[in-house]
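These are the structures, in structure tokens.
Each of the next two complexes has chain A plus one more chain, namely chain B in the first and chain C in the second.
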Partner chain A sequence: MVSAFQDPVILNQWHPISSLEEINPSEKTFQTLLLDEEILYKMDKENKVLVWRKGSRDENLPTKLAYGFVWVCLGNPPETLFLFPEFDEPNRKNKATGVIGVNTSAGRAIENFCDMGHFPYVHKGILGEEPHTEVKNYDVEISDEPDEVLATNCKFFQPRANVTSTKGVDADYIYRVPHINCALLYKSSIVAGKLDVIVLFVQPMREEQIRAHTAMCIFDDSSTEKDIRLFQQLIFGQDKPILENQHPKRLPLNPRMETPIRADKTAISYRRWLLNKGLKYGTVAN
Partner chain B sequence: MTNVRENNLRKIICMEKNKIYALRKKWFPIASSSDLVKRHVFQAQLLGREFAVWRADDGNVNVWENRCLHRGVRLSIGINQGSELKCQYHGWRYANRTAGCTYIPAHPADAPARTICNNTYPVKEFIGMIWSGEDAIENDFSYKELSKRTVLRPVPINAPNDLVQKNLLNYYSELNFDGLLLNDGSIEINLGGKKKILFFIQPQDSKLSVVRGVLNATLSDEKRYHFLKEQNFIIERFREKMEQISENLNLEPMVAEIEEISNDLGEPPTKEDCGRKAELRLHVSERILTSRDVVSLKLKGIEGQLPTFHPGAHIDLHLQNGLIRQYSLVNGPGETDHYRIGVKLEKDGRGGSQYIHNNVKVGDLLATSAPRNNFPLRRDSLYTIFIAGGIGITPLLSMSKALHSMELDYEFHYFVQSEKDISFKETLKILGERVIIHKGLSQENTINKVRKILQKPGYYKNLYVCGPGPMLEATLKIASDLKWADDTIHFEYFKNDRKINNDSNFEIELARSALTLTVSAGKTILEILRENGVDLPSSCEQGACGTCKVNVIRGDIDHQDVYLNATERANKNIMMTCVSRSLSDRLILDI
Partner chain C sequence: MIKLYDYLLSGNCFKIRLILSFLNLNYEKIHIEFYPSEEHKSENFLQINPLGQLPVISDDGFILRDAQAILVYLASKYDKGGTWYPVKNTDKIGMISQWLAFGDSLTGSASAARLHDTLFYHHFNIEKCRAMAHSQFRILDEHLFFQEELGNDWICDGVTPTIADIACFPYIALSEEGGISRISYPAIRRWLDRFKRIERFVVMPGVFPAGPGP
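Now for the complex of A and B:
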């Protein structure tokens, strides 16, 4: 186990701790855990968000409000956060869709989010269905500008693309991992040529314990907000028991600990990217 | 000062480690036989290592590391399908006995590398318990079966193993039962009247033990109930006492290291790196004439597990007379303790089948390659049609058995000359109504029949054909006339009947090894590569099996094989190096 203080990569990073929607109406003080530390946060009357370490009420931690969330840094805050231009596009609806606690590492959760191969097994009848299990070839790159892992031309068979269709179709996806613990999924929307975005921002509470914050940035269709929320919770609820039964829970960065296949190209790149950054927290190197 | 203390600490840790290594060599009970409920997977733990324990439908008990090789998910939450264990996360399947991965659903068109194999541990079933040990030594197992026995409920205790072992005897003697600590570490308690309980302490972790007991008698229902209740009561009291003593013991949990996989598996699979080698020694354990001129051989390993095979796989038989011949495995899923092949006597053949028919007897030792699969089965098909002609039945039988056990839809057409030519009847019986046998059809009628069978290509529908050359050609033609897409048609020729033209002279450039070599008339690319130290796997060496395939980066290929389909040829980027050549002066190969 490593302490976050021995790992500048995790320490000098913006971490999501809450959606703004959650703390908005009240002046209540909330408590959570970030990198093994207890922290408290609240929104004051002027809509200012304050975050502090437990026991150090007077020292406010660096915070940032972005993409509908509160971000905190326990070390030296980086100047910028990754870009997510769709968030500000007109006509889109931005909604936090729930938080779920999972006993796993942030890396395992991100990898699961970017993995299509498990759809027919873990999200049977929703995101996939046997025997349509093939992960067709797609493209992955680790780009420098912006610094992220990008998987494009991903296709996966979806049993019922919408309520009226009886036959399944291949759904198209793009995955972006622009932050060591955040991933974005792009898929076709009701507006031609525009993509809906589904967001996973992971808050590492401990090395093997996380809160997964989910949100959507979509062109509204007829489904109600509650439906969307329930749907997201259903999907993450199905992933949770799998993630909690992985061994080791920390993400192996040594390529010889697990057996990747072509379908895991995104995961292979993600692990390589983390290894190059030198991330220790929540990972196993040897 | 600190140095001394640190050194001492290091010594203690080292001692602990050595103690664990020593314990790993011993046998311990890890489950009761009754824990292995049909089609269930039981989670056990020994010395910090978790096991997935499951009984296959054939009775075999598997003790595996509780971790899917793919992404580390516990296999104990997987699904016991009777002959294979299926992981919950991405549906990888592992075979009974060998723990070799047989199917990767994300890539249904590929056969998994046969080296993807989970860690298995030795296992024995005695006295109503399942025994194992990570490095348990086979000959050290000393426990005798009890003809009469009653197995006690196992009681987990949050206390270290040696503490429990030391105190159990005393505890019973306080209750006025005498007993013995036996050499093997078990404890015998005398209940009087020849009745004895034998206790074994299973060390799960540094501070977790399980007391497992067995009585050397069978009891009638009433007595049994009272006996079990009484013993349970005693051991429960004992548990409380032990847990009190060790409550404040601060022990690190035992570490079960994760073994690294071989280097080539750490990256997505590329090419196999073996030549035409006979790495296995098998003996013939059964030889049956399964039809007029087909003999079925059952081949068993001499020691240890046989490598995992996948439906459609074949092995090379290296015969004593120097010939090397390929035979498809007929085995179904989970039939992993032997290989079965069918050999048809080819009167005008090149001598391989005649040799086998005339010379190979039960007890003979044969040298073979490990199974290799260039004719993989897709299991994501909604409907599969098999068309077998004569001995072409062998790979298709293995495939249909796999689909059958997965309850996937298929139909199986078997063309034979007469009743006497029907091979593997018992297996066909198991497949039941899905098998349609077409006897004694003329060439014309065969073609009409095939046309009928293939009438409707469709959504996620696949066709597998294997049989004599002319029949195969006719079937492929009909399928393509009826608009079956190329990638839904899968076929395997027994041999390449085309006349090979090896007159050309050309150069090959190896892109990855920066070598340029000359291939002159009379030599094959494969031979030239081998002569220059480039090892490429091969098997039939006549352009039928697909093993020696390489990717071509540039150049005009002179295809002379029967393995590739029209689309693959048109793509101009793969070739069989054993027969195919170059039309251009130079080929650039991706090796």
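Now for the complex of A and C:
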């Protein structure tokens, strides 16, 4: 096990701890765990968000409000957070769709989010369906500017691609992993030429325990917020037992530890990207 | 028409979805969002159930709460075969009631541990919940082992499952989400697998269908 203090990659990072919707507006103090540390947070009457370590009420931690979430750093905060320009586009609904606890590492959760191969089995009848199980070839690159893993030209047959779907479609996907524990999924929307964005921001509570924050940035006039949240809970509820049964729970970064197939290209690049960064927390090297 | 006030991730609501499917009954689902909006504690829902708990059914205006009570009601009224809750067989009714209470008690142990790990209900003492669940699982595992020795596949004697099996199934099948492993309970694992092979069995997030069978 690695302490976050031995790993500058995880320590000097913005981490999501809560959607603004969950704490806004409230004087209540909330508690959570981040990198094995107990963290308290609240929004005061002036809508200012305060975050501190348990027992150190007077020392406010570096905090950032971005993309509808509260981000916190326990080390030296980076100057910037990744770009997510769609968040500010007009006519989009930005909605936090709930947070769920999973007993796994952040890397395993990000990888599962970017994997299409499990759709017909785990999300049967919704995001996939037998016999349409093939993951067609797609492109992956690790780019320097911005520093992210990008998978494009992904196509998958989906019986019920989103909450408003009434029939199956070949859905087009783009995946971005612009942060070691955050991933964005872009998929066809009801507006021609525009993509909906589904967001997974992972909060590493411990090396093998996470909070998965989900949100959507979509074009949708017909569904209620409750319908959208229920759809996300359904999908994540189905993923949870799969994630919790992967061993080791920490993400293996050594390419020889697990045998990938062609459909796992995104995962291979993601692991290589993490390995090059030197991430230790929540991973296994050998 | 039967209406079910339902929440997707609730094991207690799953009990009712199971019996409605086993009995092949049509019903309407009304989604009550337990998490994150806590709609079950809203003014509107408290008019339906002042305890603020799910599930609740309304059968042509007859409103009933509590998963176990609803199982008894639906099976007594709609099970034409009379096997899920054989009202005339007094010994069996007694035994079923005993295991209904056992199924209900899992709400305070295995279900609470799952809420703690999944939805951050930190006021539960997680170690106590898990320890209690393990002692309950051990009792059920032993019971099921002796049932198998007698040739019984189910919690209560006889050749068909009863509502006692339904009441116990969800929170045992979902236990690993609360960090409660079933590896030491082989008779429970065999029973879960048999349960999933009952005709018209349905799944919920976290519960998968049985694998290819023998």
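Throughout what follows, the second predicted complex is superposed on the first by the 278 of 286 C-alpha atoms of A that agree within 3 Å, B and C clash if a C-alpha of one lies under 4 Å from a C-alpha of the other, contacts with A are read in each partner's own complex, and residues count from 1 in each chain.
The rule is short, and it goes like this: a residue touches a chain if its C-beta (ideal position, glycine included) is under 8 Å from a C-beta of that chain, and two chains touch if they have at least 3 such contacts.
Computed from a prediction, not measured in an experiment: that's the story for all the values here.
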Just chain B (first), just chain C (second), both, or neither: which does A:D196 touch?
neither
More residues of chain A in touch with chain C or with chain B?
B
With the two structures laid over each other on chain A, which partner does A:E129 touch: chain B (first), chain C (second), both, or neither?
neither
Have a look at where A:P255 lands relative to chain B and chain C in the superposition and call it first, second, both or neither.
first
Counting only touches as set out at the top, which of chain B and chain C does A:H118 meet: first, second, both, neither?
first
Partner chain(s) touched by A:G101 [first = chain B, second = chain C, both, neither]:
second
Is A:E86 touching the first partner chain B, the second partner chain C, both, or neither of them?
neither
Interface residues of chain A shared between complexes with chain B and chain C:
241, 245
Contact footprint of chain B on chain A as seen in their complex:
111, 117-118, 120-122, 130-135, 241-242, 245-248, 252, 254-265, 268
Note which residues of chain B are touching chain A in the complex, please.
50, 66-67, 69-74, 77, 88-91, 104-109, 116, 258, 260-263, 265-269, 379-382, 408, 460
Chain A partner, complex, touching residues on chain C are 8-9, 31, 33, 35-37, 39, 117-120, 122, 176-177, 179, 204-206, 208
In the complex, the residues of chain A that touch chain C are 22, 31-32, 98-103, 211, 226, 229-230, 233-234, 236-238, 240-241, 244-245
